[in-house]
Every structure is written in structure tokens, then in C-alpha cells.
């Protein structure tokens, strides 16, 4: 199997670093090439990194509740930049407060994300799904 | 930029102030003398410092939530609910993340969108955008003292507006609101910004208005060894006192091992006193705050009640002056007011029920506190040495050198070389010191503790242990054991 | 009636058995040999004693709820829910109050009315009316071991049906299921009835089937000094062992002061071992059970979570083998299955999270345990003396004389002269000894502790203090202070 | 004010003694003459005691959940025995489980009780109400 490249990072003004560091560690451990942008990543930074490394997927984290505002428009920008149909995964604590996740998922799917994940998604799920989404 | 631990001169301060007040239109409503008069009109029982001082005297532990929503009327309702139904002794106003990063335009978008959708689209209360008068509407509507809680590296204008707005306590510090909360802010800069905040509060103090100041104890909330967070708290207390602050609450985030937690509060209090006295700040009042578990929470609400209650119990047994309370929604999102009140009530039950019990003088606690104090001494001596006696300079150099090093911090100014892990009893130890300057004896102590665990778990000491420990409480454990080990 | 602490002869036992099995029609389905064979078919991991023994070895604390409803299918659903969603390690079947008082006709009315109305009209599961086969349906439907929990002075037929019905543990004792649960039953009678139960279990033991037996530790659950409940537990353990019981779990109800609670479990375990060994029952296995707060609960559910969690924490820090869990509905009524699971999950979080921490060897705990053991020795020596070496006789005479005396008990065979109250740290002390035969030194110790409180509260030691203490936890406190005293 | 006589006791097969002992203590303290029948009191025992002492009110406690079954018929028996309109108060944990108290109250009022009290009723309320109900 050829090595897949994944961009990881926490979007917006979000400084939650723990999950990000652990995701990067675990994906590498699982055989991916990881380009970890850390916290407080702008939409442009994800796109630049993905273009530069010819990445296979972008993993966006948002923990602090402003995910809805921060993620809006990312898919369009990807398309414009030529990252056609790149898998765009998003997870963490995406919205403010405890909301029905089906609702939340719908909103993020409408924004063009390939898949959105609820709070507490395990590393196992993240890795398994990434393998599936980056398979040729 | 050249930083010094020295009281800002009036010239420098007021020159800077002019700029600060222009950072956003609401700055122009701040008038120092008018604000002093307003603060003086606040009754004593609504002053943060007064209530803390009484609690120190009574040996009680006060409870305080976190809370903030985008719309100010809802924010007032929320806080009223938390003091009435939740029985909160002290109230917060948690600031949203855009304000924290001085992105006031985005905060305004958040306010506007919240008005439109009727849902709070911000993760806190945008006090700065609202300005002095709305802040006064908030603080005056409540029976209890209110504090601003945030995570803002450059909080100068927010401080101006908050204190003029009637808040009587203010959280943060140049280290504790930088390293865990930002990526690219240099320590020089944030120390300078917080000297401004502290000097402003010093000026209020000199004008006869005492404002309580609270360094943010838990830092990243994730496996922070007590010696590190305690050292940071002492440094921030000294820097604040240097600018004229007279009332500090030093803080600590629960690690989960009761002996270590009680020892941490014990050593935090006595070391803060010792160093403040050493710098001749003998008139600074000290109180302590214990944060219920600050790391990842269990998804399940009942299990969260278990974690919350254990935090409240530990706070009381440690005789902390106040405890910051989590909610059963912690793992999922900003809590509803009901969930927030639920966490408060569980904590209140234990705060009052265990009031008569203290663990501060247990031999095991004293022994653990001796270790923490020895570690703090190693670190603080080195800070002093690096700064050639100047703690502000020393702090900058200490972060550069990794002498101060906070695990899991997002800041690029943090070395990130020190690695913590739990020992076999769940106490947080240091797996790899990086450049934290512990004595050989102390290094050996940590090594022995972790070797003990490694032997028990039949695996080598490694980063996997750290990862397992990060998830442990969320999964119901304190020590992250490999599969099959009890 | 003449009672002796001596193994019942087969002749006596089987003569009595004939009568017992005729007390209600379901008795005729009990066949000892068939039941032994059935019990032997139960896999080891579903046996109560096996799971307890493993927990003792691992140093873990298992969690167990109380639960029982009138209709058996719903009862099975309830227990399944508690082991799946509630993560219970051990399951109960709590028997209704009519069955407990041998009012089987009224129990039948309760079953019938429950069927009609679709609401459980009984406060527990009427196992006896259902009989052996339905009990087997219950016990075999579950993954975890199941115990019968009740409060039945004359539980002979219930024991027969329960054990034949596949339960592998059985709570109760001649003292602990009489004095707190009845008004007019003499101690001679209940000791005799429980000799029957214990002898039956001895016969199972001799046939190769080990059934766990658990004296009911908390008694009235209301301000019971540890020395009293511990003394009763040791007596019941000795009486049970005399009839051939080989597996006992001795119990204690939380008082709320952590040091005293840990000391109580420590002394309970070591004194039970000591006396069983002294009577040459060295092969009896001992485990311990800690009951979360057994007195009046707060009405508020969040506050109840605080009380529940503190109980779980104390159990684990005391290294009890299991903890009996309360629910957030405690103050109001029999819990829904969700409320029951909620109490379990909060407790499970702490049982696993604090597993690595033990307070058993703290100097303060050891000192408090010394006191409890000295008190127990005074009481048990007197029981022995009164009975001229026979503990069954001695127990009867001890209750008559008030040497054993349980606060707030409904039984007319209990003297009710001893009065307990909390000291200034919330530990339960003895305000007035009645005829509890403590040494002068110990009497003085209690007096000093209560004088200290009286002085602090600026009022005389009196029954009002006791009343205040009864309400305290329901109101959020441990020590019932007069108004205005913190 | 003339001294009023109150009968107290816990009905049925209920052995909860703590509240009962405290109610008796508190009512005496508040100036009532208290005839406390203790726990496990039958309907007949309340009536006999009330007749014997010419009581002004009967305070029935039920904690263990069988209150509905145990209390049924008490009013009729009182009437038959000649205790016309004697105040009949009942409190404790009257039914099995956490139920809407308005519903529970209704059921007990239909059974003829003068007033029914929810779990956790304070001594102050109990005393104040008894004073009101026994006023001439």
C-alpha cells in the first residue's frame, strides 16, 4: 500500500492542542504521512499545505464551538484551488452546546464536508475511516 | 523588546493607555475616575475579594461556575439562574474566543448572527464589544460578585472595560493566558500586556478600589505536574504584586490523586506567601482556587457527576478557598443553564458536607508537599538565575530554555520537551524532564515512580503511556493501563 | 425458648424444614438435591462468592444496586438494564415489604393489583410468592451473580426458595434483619430463624455449593456508631459460621467522615477475621461491603449525585470489596431504572478512577480503627460474658441489658438508651452511652469530642443536636449546626 | 390555648422509625399532647387510640411505598367508629416511586384524607398545619 498524506489541524481561533497532537501521533503510527498544522489554522493554510504535499485528505478539528462559522466556505475554496473532491473530514465539538448530532451533521454535510464526527470519536474510528476514504 | 519586572511608570502606562483605549470604539467610554467612583458604589458583599477573604477566615470553600453566552440579556438570565437555582457563591463571565484573540469584528459577527438565529453562536460573552454600560447592566443585576474569565493573551482593553464595567475580579496572566491559549504570541509580549493589566489594577488599588486577580492555574489542564503550574502561579503572583495588585487567588487544576491534589494546594499557598514576602509584598492577600478535572471528560452525564463530585471533594479536603465547577455536559459542549446548575449543586452538597474535614496536615500530604516545594524551588531558582534576579526576564529565558515547559501546549514559545505520566497510584510524575532543572535526587524519585508503574504494567515507559493517561478519565480510569492490566 | 450458638442437628433442622416448606404453596417445589444439582450447573462467573473473591484478590471495588419490582418480566428487564446500561458488577433482587413480614396474601394482592394497574404496587420483588421456577427464570436470564436483599425477620421459606431458585448470595441476619425492620419480634426468635437459614446454607456448602452470606451492616442507617454495627456484624458472622457458612461479606453504612469510614471498614475486616479464627473458622472467606449513605437524602437529584459519589469514593479509598449504590431518586421513592443506572454509573466512574488509591494505612485511620476495635472489644467481651461463652445467648441478654443498642430502631426489644451525635469533624460519637459497656477511657474520649462541638456551637449537648444531625445531609451538611454557626 | 392531642404512627408493615420518633419529639416540643403508636400501626390501632384519648387529629406516616394500599378505608372506619370529621393527615413517601405529587394528592384526598404531604415536608410545615387544623 502506498503511503497516504493527511493534513491535520485545528481550525479558526481554536487552541485545543491535545487531541490534535494525539491524532497526529496516532495517524503516523498507523502508517500515514502526517502534515500537522497544529492549532489556529486558517482555511488558506489547510489548502496551501494540501496543494504543496499533494495530500489525500484533510482532517479538520474544531473543539471550541465556533466550528460552524470557521468551516463555512472551506469546500468552495478547495474546489477553487483545484483540490477537487478531496476528502474533507471534520470532528471535535463542532457547535456550541449539546445539540442533536443528526442536525449538526446535516449542516456540515451541506457545507460540503465528506463526513462530520460527533464529540468523543475514537482514534480507531478516525483511522479506519481515513483508510477507507483514502483508498484508491 | 526589553521586559523588566518593575512597576510601570505613569508616563509609560498612560501613553500606552491612550492607544489601548482606541483599539475598539467601546474603549472611548472608559473614564478612570468615573470608574473608580462606580466601583466604590458597589456594596462590599458584591465584591469578590471581600467574599474570598471571609471564606478564608471561615475555612469554607466557595463554588463558582463558568458561563457566558453571546446575548447580554440571556447572559444576565443565565447568571441569575446560576446564583438562585445553582447556589453559586461567585459568578463568572466567560469571554468568547474571538474577543480573546482580539478579533472584535468576528465577535461582532457572532453577536449579530446570534441575534438573527436566536442561538448563541459564540462560546462566551463578548464583553469588550458590548462596552462599559452593558457590563454594568450585567454586574449590577446580580447578588454575587462577578469575575471575568477568559484566556486572552492581550487583554488590556478588555481589562479596562471590565473593571470600569463593575467586575471585581479578573482572571489571567502573561504566562497562563498565553502558552495554553495561543500559538504565536511571544512571552515578552504577553508579560508586557499583563503588566498593563496588573498596573491598571494597581492604580485602582491606589485609588481605594481593590480588585481580585487570579492567575489561571490549570494551564493546558492535561497532565500538568503540580510543580510546573505552581511555579507559574507564583511567578504571576509576583509579577502582579510588582504592579501594585494586593489581592491574588492562586490556582491549580485537579490531577486526581487526592494526596497529590491536597499537597499541591498546600504547597501553592505556602510558596506564594513565601515568595511574596521575600519580595516584601507582605500585604498582598492570598486565596486559592481548585479547578475540578480540566482534562477530557466522560461522555456520560452520570459518570461526569462522579468526576465533578470527586473534584469538589478534593477541593474541600484541600481547604481551597473556591472551586471552579464543571458540568455534566463537559465532554459535549457549552452547558445549558440546567446542566450548569446541576454541576454546581452536586459541588455545593460536598462543599458544605465536607467542610469540617481537612486533609492538609496528613503526613502523606506533607511529604508530597515537600517534594512539590523542592521541585518548585529548583525551577524558581533557575528562573531567578536566568533573569539575574529579574523574574520577568527570567521567565522569558526559562521558556526559551525549557526550564519552564508545559505539556500539550499549543504555543511555539513552549519547548514541549518535558513529558508527564501518572505513577502507579495515579499521581502525575515526570517521565522525561526535558530541561526542567530538577535535582538529581528528584529526577531519580520520578524515575523510580514510573519504573514501578512500567513494571506493574509490564511495558516500557513511553509516549503511549502518556496517550493512555490522556484518555483515562474519559474512559473511567485515572491511570491509563494497557488492555488486560487491572 | 432456649437459644444456643451451636450447629443445628439434622433431626431438628429437617423436622423444622417440613413445617417451613408448608408455609406457602410454593414451598412444595423445593427439592434440596435437585436444587444442589441446579446450583452446580451455574457457571463460576455467575457465582457471587467467586466474583467477590476475585475482587478481594485484585483490590477492586465492585458496584451493586438495590432493585426489585412486582412483576417478574419487568424485574428481569430491570436487572438486565442495570447490568448493561448501569454497568453493575453484582445484581440484587430486593424483596417487597409484605413478603418480608410473611404477609404472603397481601403480597399476592400486590402482584394482582400490579398486573391490573400496570404500575408496580409493591416496593420489591415477591420472590416467595413466585416460587422456585420463576426465580430461576430471573437468575438465569442475567450475566452477573444475583443476591436476595430484603429485611425479613423470619426468612426461612424465602431462603429455601431463593437458593433453590438460583440466587448465589443471601443478605440478612438474626439481629440486623430484626431490630431495624420490626417491632415485636424477639431476638431469640429471629436468631433461631437465621440459624435455620445459615444451617441450610451450611448444608449446601457441605454438598459442594458455596453460597455467599451477608449480614446487613447499616442497621437503621441513621447515626449508628461504627462500633455497634461492627459488633453486630461480627456476631452474625460467628453465628453464621457456626452453622457451616463459609463465605461472609460483612458490611457497614457510611457515616460521612472519611477517616472514620475507612477505619470502620479496616476494623470490621480485621475483627471479623480475628474472632472467626478464634472460633476456629479459619477457612471462612471474608469480604466487605460499604453502603453509600443510608440516612435521609437531599430531595435534589444533583445534590444526591454528590452524596452518591462521595459514598463511592469512600468505599474505594477504604478498599471495600463492594459498594451498595443509592440513586438520585432516593429521597423521593423507588427509583426508575434510569435513575438507578445513573447512580451506578457515577459510582462506577469513581470505583475505577480511584482504584489505585488507598487510605487504609493512614496514621489517622489506624488511630481511629484502634478506637473502634477497643470499643468493639468492650461490647463483645460483655456479650461473651453475659452468654457465659455462648454468643447467641449473650446477644439476647445484651439487647435486654442495652449492651447492644441501636439508635432509632423500631423494635421493642431494643433499649434505645444510647444516643449518638456527630463531633466537630462529623465523626459519629456517643453522646450518652446508655448501657453500652465502654471503658472509662473511651467514655471520656466521646465526651471530650462532643464537648468540643458543644463549645464550638455554643449550646449544650442535647437531643436537639441529634435531630439536627439526622436532617443534616438532606440539607447539605454533615454536622447539624444551629442557625448562624458555620 | 388548650392542649391538643395528636395520634402519630407509621401505618401498615412499615418500619421506618426515624421520622416518627422525630415528629413525636417535635410535636411535644411544640405543645401538643402526643400519643405515638410507633411503627407498623394498623388502622384499628389509630382509631382505638383516638377514641381512647379523644384526639384532635391523626397523623399517619407512610414511607415504604405501600401507603396507597395501607391507607385505603381509614376514613370510613373512622366515621363508623364515631370519629366524625377528625383531621386525618398523611405524609412521607406515600407511593412507590417518583410520581407527580398532584396526582398522588388527588388519590389520597379521594380516600378521605384532610391533607396529604409530599416527601421531605418539613417539621415547621407539619406543626403549623396541625395548629391550624386543630384550632377551634
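Just a few scattered comments:
Letters A, B, C and D name the chains as they come in the text, with residue numbers starting at 1 for each one.
Here, a residue touches a chain if its C-beta (ideal position, glycine included) is under 8 Å from a C-beta of that chain, and two chains touch if they have at least 3 such contacts.
Each chain and its UniProt protein: A, D = Glutamate mutase sigma subunit; B, C = Glutamate mutase epsilon subunit.
On a predicted model such as this, the values are computed, not experimentally measured, just so you know.
Chain D has its Cα centroid 30 Å from the Cα centroid of chain C. Distance from the chain A centre to the chain C centre is 54 Å, each centre being the mean of its Cα atoms. With centres set at the average Cα position, the gap from chain B to chain C is 44 Å. Separation between the centroids of chain A and chain D, computed from CA atoms only, is 65 Å. For chain B, no residue reaches two or more other chains under the stated contact definition. Residue positions of chain A with contacts to 2 or more other chains are absent. Shown here, the protein chains touch in a chain-like sequence that does not close on itself. Pairwise chain contacts in this structure: A-B, B-C, C-D.
On chain B, the positions that touch chain C within their shared complex are 58, 60, 256-259, 298, 300-310, 312-313, 317, 341-350, 352-357, 362-364, 424-426, 473, 476-479, 486.
If you check the complex, the residues on chain C that touch chain D are 97-98, 100-101, 103, 106, 109-110, 113, 119-123, 151, 180-184, 220, 222, 295-296, 299, 329, 331-336, 339, 408-410, 463, 467, 470, 474.
The part of chain D that touches chain C in the complex is made up of residues 12-18, 21-22, 25-26, 38-40, 64-66, 68-69, 93, 95-99, 119-120.
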